[in-house]
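Each chain carries a letter (A, B and C) given by its place in the written order, and its residues are counted from 1.
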Amino acid sequence: MLEVINLTCVRGTRRLFRDLNFSAHEGELIELRGPNGSGKTSLLRILCGLAAPAAGEVRWNGQGIRSLAEEYFASVAYLGHQNAVKDELSALENLRISSAVSGKRLDNREARRILSRVGLSEQQNLPARVLSAGQRRRLGMTRLLTSPAKLWILDEVLTSLDDTAMNLSREFIGNHLQQNGIAIVATHQDLNMGGARGQRLQLS
Amino acid sequence: MFGWLVWRDLILAWRRRADVLATLFFFIIVVSLFPLGIGPERETLRTIAPGVVWVAALLASMLSLGRIFGNDYQDGTLEQLLLTPQPAYLVVLAKVLAHWIVSEIPLVLIAPVLGVQFGLSQNGLAIVVVSLLLGTPVLSVIGSVGAALTLGLRAANVLVALLVLPLYIPVLIFGSGAVQASVTGSSPQAWLLLLGAMLIVSLVFAPWATSAALRISVE
Amino acid sequence: MFRSYSPPGQPARRCGYLWNSGIDFSLCLQCRSQTKVYGTRYGIKVVTATHSDALDQRKCGNFMSKNRINLYKYAAPANFYPLAGKLIPLFAVPSAILFILGMYVGFFVAPTDAVQGESYRILFIHVPAAWMGMFLYVLMAIYAGVGWAFNARLASMMATAISPTGAIFTFISLVTGSLWGRPAWGVWWVWDARLTSTLILLFLYIGFISLQSSIDDARRADRAGAVLALVGVINVPIIYFSVQWWNSLHQGATITKNSFKMAPSMAAAMLILLGACWLYSIAVVLVRVRYIIREREQEAPWLAEATA
């Protein structure tokens, strides 16, 4: 369970948000809406522990994430604006290496299976450099599928995806929520996750 | 995980060979500039050889520092590395090791060849290699602190030089001192031991500073 | 008696105690609940209470007890600003007096040196400047470290304020050292251990200043500077030792600065000038930190009231 207590974020000389309070329970989806520059990305980065807030605290299962450090990181999967895809490696290599570096080793068969789930079977041996933006996003999403993390933090996950891929993303998020995971998603478009419990936060 | 990260960096460096070779050629060219600037008298060259080789190695190392984290920072991989359950200390150590293998070992290998150009004796050449072997990891790991502090800044290359060169000075003094000692006939042992001590101390403490700097820069 | 303030147009809340700290979170002493910053009145932050866990215990600043001095409140840039303004003349004037006194003693009272004649007198400026350069670097590193470890903005601002002064003193000590060396050694520059280490110290200062000026985000600049300053401070002894070693091996000009006996008046002149330099540094750093506070706290409404 994630709790956010009186979170304040200051970027440069602007105070993006102040005294933000909310919590996310298992199986819950939190949608962050708001115009560009309203602090969605900053909030997400504070939630995953990459950035420190100007004031306030984030707690995971009752303990502050600052003190949990690596334990917390094991429970979080973050997909930001950038896809964390290395251009010089092929799709298959990207997946296998990023998975191994996070601690979970995949053999070729499993990696291929995951790539086919996101629709990248044909491109598996191509260097990521030649993939389109949508394909790279899908490759970035494979990281979510291999990670055992309970908390998914997704920033603009639906951008540059076509309809099939968008439905795929919704399916993944839905499955994750059904398995008692938590998802916090910043998005411009409606997620339309019918039936999922959730809250919507508007940062304006 | 450590091994996978090193392996990944090695593969990436191999697929971008041009960058790596550029540093090596820079080293060779800089060393060759000195005789052109100073004059080809054998005695002069033999006297300045230790300093020249070491200064050129310093400068070439500095040029390559941007590559430790720069690429990963730009495509978002660095954030993911900081979000793994592994301590950032190990991540830094893995990347520094890969950087050392890719950028510094070629320097160590080619230095004897350049030393011959300067008329160093066999003994001198051996000490050049040993001192560089001990000193270049220190350059990599201390340089990683500067690289982490200047991630994403404008004119990061020049700034990194400004930050890191003062910290490199002890390595330069001990390293070239060792070679000079062997050239003049005295024992380079003390210098090499000091280099070794610096290596151990910097390997223990510097990655901690680098991981702190990475977290600051990635915010 | 405690007074309670509330923002205009709102009913008075139960806990309206005044407190100050550089951080927006604190605990009100009376109701022990977490307080959030609401607004300002008379340059002091007014709070209202919300019910959550206590995070911190700082005493409410101004109205709690009139006879106790609460130092924590000055950790906030907002409160330090007027305090600094009042302190500046307290340091600047004695500094000028000590400086004149020291120069008088140094140039008119101290005797002529048997070996070096009158030219040694430049040491009266060189030695204090060199010491200041070193002390200020350590002080800067301490402030930067405190600012990073405790997330205290004011401490980081002090470190940024100290850096140019330290660099200037180091530069002065290099120039005066060189000027001293000219009559004594016959050359404008010599690579002895002290001068070389001072040169490297100047490079460390320049690195710190360049790094902070290249980073736009103030807090990132503070923290990055802290890492650099701490790494530098640990390296300074290593650098000094290695330069000593290097110098002793390449026997160039072996000049020992203590090649003359110090008459009491010479020592007195140096100490007086050292005191003058300290007071000057404090005054100048306070001026600079006020400037930095003004620059950074542009958004805060209290600033308009304080500077009006």
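Please note the rule applied: a contact is a pair of C-beta atoms (placed from the backbone, for glycine too) under 8 Å apart; a residue touches a chain by one contact, two chains touch by 3 or more.
It should be emphasised that the depicted structure is a prediction, and the values quoted were computed from it without experimental measurement.
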item	value
Category of the chain touch graph - line, ring, star, complete, other	complete
A-B or A-C, whichever has more C-beta pairs in contact	A-B
Where subunit A and subunit B are represented by their mean Cα positions, the distance between them in whole Å	37
Whole-Å gap separating subunit A and subunit C, where each centre is the average of the chain's CA atoms	43
Residues of subunit C touching at least two other chains	none
Touching two or more other chains - residue numbers and ranges from subunit B	219
Where subunit A touches two or more other chains, by residue	52
Subunit C-facing residues of subunit B, complex	145, 149-150, 153-155, 159, 162-163, 165-167, 169-170, 173-174, 177, 194, 198, 205-206, 209, 212-213, 216-217, 219
Touching residues (chain side subunit C, partner subunit A) in the complex	23-25, 34, 36, 50, 52-53, 55, 151, 216-219, 296, 298-299
Sites on subunit B touched by subunit A in the complex	1, 4-5, 7-8, 11-12, 15-16, 75-77, 79-87, 215, 218-219
Residues of subunit C that touch subunit B when the two form their complex	200, 203-204, 206-207, 210-211, 214-215, 220, 223-224, 227-228, 230-232, 234-235, 238-239, 241-243, 245-246, 249
Complex contacts: residues of subunit A adjacent to subunit B	45, 48-52, 70-71, 73-74, 76, 78, 80-89, 93, 97-98, 100-103, 143
